[in-house]
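One chain, subunit A, links the two complexes that follow: it is found with subunit B in the first and with subunit C in the second.
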Partner chain A sequence: MRAFLAGARIQLSFFRAYPDALIPFFTAPMFSVIFQMIFKHAGRQDLTGYAAVAPVFIALWWMALFNSGWTITIERWNGTIEMLVAAPSSFAAVIFGRITTTTLAGVVSFGETWIVARLFGTTIHIEHGWAFLATIVVTLAAMAGTALAMASLFVLARNAVTFSNSASFPFYVLGGILVPVSLLPHWVRPISSIVFLSWSADLLRAGLRSTPIHDFGFRLGMVGFLGACGLGVGAWAMHVILRRVRGTGELGTT
Partner chain B sequence: MQAVEVQEIRRVFTPRKREPVTALAGVSLTIPVGEVHGLLGPNGAGKTTLVKILSTVLLPTAGRALVCGHDVVTETKAVRPLIGIVFGGERGLYTRLSARKNLEYWGALYRLSGAEIKSRSDALLERVGLTDRADQRVEEFSRGMKQRLHLARGLMGDARVLFLDEPTTGMDPLAAREFRTLIGELKGEGRTILLTTHDMVEAEAVCDRVTLIDRGRILATETPRSLGSLISRFQRIDVEDAPADVLAAIEVTTGVSSVSAQPDGSVRIEVNEEGATRVVLQRLVEAGVTSVRTSLPSLEEVYVQMIGERGLVV
Partner chain C sequence: MKNLTATARVAWYAIVSGANDYWAIFTLKSWIFGWCVRMISQVSFFALIGKLLQSDAQTQFFLIGNAVVVAAQAALFAMNMTTAERGNGTLSLLLASPSRPVVVFAARGVYVMADGVFSALLGLFILGPAFGLHFPFPRVLLVIPLTLLVGLSAYAFSTFLAGVIIKRRETTGLIVNSTYVTLMALCGVNVPVSFYPSWLAWISRCLPLTNGLEAIRDVVKGGAWSSVGAHAGAELLVLSVWLSLALATFGIFMRAGQRDGSLDYAS
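Take a look at the complex of A and B:
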């Protein structure tokens, strides 16, 4: 727990030192305006939920994924990754603390996205407040867990930033965060169903609609389950990969 | 129990599409508790590889290494709280954070309480002379200041065994002297220190024993005094206007390894045996040569000599 908190605290300091990590706070409202305008002028007010949720997911996922890659790359560039691994605290716990802090910071994008939407004439109503809130909490936890799994892979990659940057887009598609999964080819759907984003994006949009949310518990459980799988795989992969790079001597290789 | 025990450690790197590189070829070394041990060698000798293995960030290909009785491969959790690492150079710090933030972070990673982190970081900043710059970003520091902060960071965990990999790189002479004083204080506190360096003067000043390493093999482990005599064996004499017959006679003298003309017109006589310098000087003075200068070879030149000697033996 101490290692997790140490990671969380240092990440807060890094926000001030590396403000570029907060870029999504500037891009999310822009995406929101673009999506709102497209749907509004196409006469598809029924898709307002997609326009409201998509920029938030893009911001959250970008922050979690990009920063997990960025964290590993910065540690390599700084020459600190070997000392981190040699410290008594768990490397995975420190990285998880940093990723979780980043992911939590991403919540700000909810507020700003919806404020900007309002300024452009679209008001977003949350019809199922508690369900919406519960989905956000579980989604954030799942996102941090999944990002840890990605971070462990980035330990293997020489240039994790480039990889993490481009790795975002498949998840945007598979998560159905803007384009509904139902519009994608049939063969994509089974893959999409193991991506927690697709479950949580659906639930958040359902929380905006006035119609009852069916199977809420199961769907929320799936978000949590898939996130826990990500965390478990991430912790295990980090252990295995660290052992591997200690063997190959590539831990500090830039 | 020894602080560090290295038993026949081998480390082979296998780069993709290239021939394997042997960084350590069966190194054995023992460092008792409380000793300051110097590891001397040129670039690529295997010093950093050995330090990385001992600090648990690199696995050996073969052999065994123990720190305070704990295996660095199978007992990393026991080893890590006992060690402090200071890698030389500019890297190893968060340059956009302040010196204090850097120390506080590492203190947290060494599982210190909030109060311990504060008191220890304050004390260490004072000890390395950075109190006035504690809240300044590290990127604004000089190289020497960064080196001092490196050392403070390595001490945050109150390590019993310190690995210092070329810690005085970039320090000015005054700071380097202060650093040596600090090493003495750390030794006085009962800490064991493994120090890698190129600097003979530094090694002689602070080390109880010194190990010479080259191409992954240990050449010798000696006290600095013994090492000094080892180097003095390889003294060289530069002479001007020496008669050719005198030089010819000197060339065949026992202990003279070479006599060679230099681009500036002088002649360099190199010896490889203790006492040979005295004999050569005597002959030169007897021949009326007055322009004579003796000097010690660089560490690297001593290595060349030593490796040559070993090569003949092997």
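Take a look at the complex of A and C:
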């Protein structure tokens, strides 16, 4: 636990030192403005809930992809990974502490985007409070699990770093964060179903509607399951990395 | 004449150097499966909002706007090249050389802008038919130089901003990302300029992209040539103003950095 908290503390220091880490807090409200303008111009105030949810996913995904995803890679570039691995505390706990902090920080974007909605004269009503809250909690956990998978995979596969720069909008489309998956072409939907964002975004939007939420348990379970898969892949990849680099002595250079 | 040749030579070397940087970052495979997939997804993401609104006209409006914005977005990414000079430790060498740094900086990221223009056109012409957009031939060919004009205009704006932030390398990512999303919000990309309050519409018209995008929309929907010409002329004017500002201020920002020692080697 101490290692986890130490990871969280160091991540907070990074936020202060590197303004790039704060990019989503500037872009999420702007995306919110864009979506609100689109729906207002189209006279579709009934869709403003969509406009409030989507920027939150954009912020959280950015945090997972760029802040958390690069965690291990940056430790290597900074030359600190050897000390981190050699320390008696758990390497995974420190990394997971950093990733969790980053993910939790993404919650700020909820407040930002909903303030923007108010500025556009819209009040977001949460009709199913507990379901909405449960979805947020499980989504954050799934996001942290996915981020760990990315952090490990980016170290294992060098090309993945280049691809990470491009892994934003493809997942926004597949995850149906603004436009529901049901409007995507049929051949894309099976792919979307294995992206946890699609289940999560659907549930959050359902939480804003007054109609009952169908199959809530199953859908929430899918968010948790897919997030757990990410965590499993991340933990396995981290185990492989540490075993490999300890054996070859190339911890900082592979 | 001699000075002009020397400047052209410096600009050419800067372009070649930048292009080599670019191909060190991207292979053809990572360009296609990384950048290209992202760009197609980005344009599709917004075009699909039109499907959500059940409006073909909105779908096509979003598609054209968000395809063309890719040219401006890439031009803004060129700002990263400026600060990369600092990161690489080559900025001080550049300052010590007799050539004007602004020539190098203005040429260093041209390839990023060119790639952005190419990507924007690719996105427009690949996704257009997929979303039911009809391109009137041969007038649609005019979209190519107009997209280039948008790219150049955004690039001049980007070079100006690069000078402003030269002392604050750590903020480059923040500025680049915030600026491109702001352009998406303010330049008539997703709603017509007429939707903005008049004071905001004026600001919008002074930014790169807005006027050029309207010219492109006019070309595609068969608007009057006079309207196309007026919008294209306005974009050209915006380009000239931002380029002049960049050329006039870059040296000032650099000298300020030299005076207070903030243009360090590889901070």
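Brief remarks on what is shown
Quick note on the criterion: the second predicted complex is superposed on the first by the 235 of 254 C-alpha atoms of A that agree within 3 Å, B and C clash if a C-alpha of one lies under 4 Å from a C-alpha of the other, contacts with A are read in each partner's own complex, and residues count from 1 in each chain.
Definition applied: contacts are C-beta pairs under 8 Å (C-beta built on N, C-alpha and C of every residue); 3 or more make two chains touch, one makes a residue touch a chain.
Because the structure is predicted, anything quoted here is derived from the model rather than measured.
In the superposed pair of complexes, A:Tyr18 makes contact with subunit B and with subunit C alike.
Of the two partner chains, neither subunit B nor subunit C is touched by A:His125.
In the superposed model, A:Ile10 lies in contact with subunit B only, and not with subunit C. When the shared chain is aligned, subunit B comes close enough to touch A:Asn78, but subunit C does not.
Residues common to the contacts of subunit A with subunit B and with subunit C across the two structures: 18. The touching residues of subunit B, when paired with subunit A in their complex, are 11, 13-14, 52, 55-59, 77, 80-81, 83, 85, 87, 89, 91-97, 101, 105-106, 108-111, 157. The part of subunit A that touches subunit B in the complex is made up of residues 2-3, 5-6, 9-10, 13-14, 17-18, 77-80, 82-89, 94, 243, 246-249, 251-252. Those residues of subunit A that touch subunit C in the shared complex are 18-20, 22-23, 26-27, 30-31, 33-34, 37-38, 41-42, 44, 47, 50, 159, 162-163, 165-170, 172-173, 178-180, 183-184. By the touch criterion stated above, subunit C contacts subunit A in their complex at residues 25-26, 30, 33-35, 37-38, 41-42, 44-45, 48-49, 51-53, 55, 58, 62, 170-174, 177-178, 181-182, 184-185, 190-192, 195.
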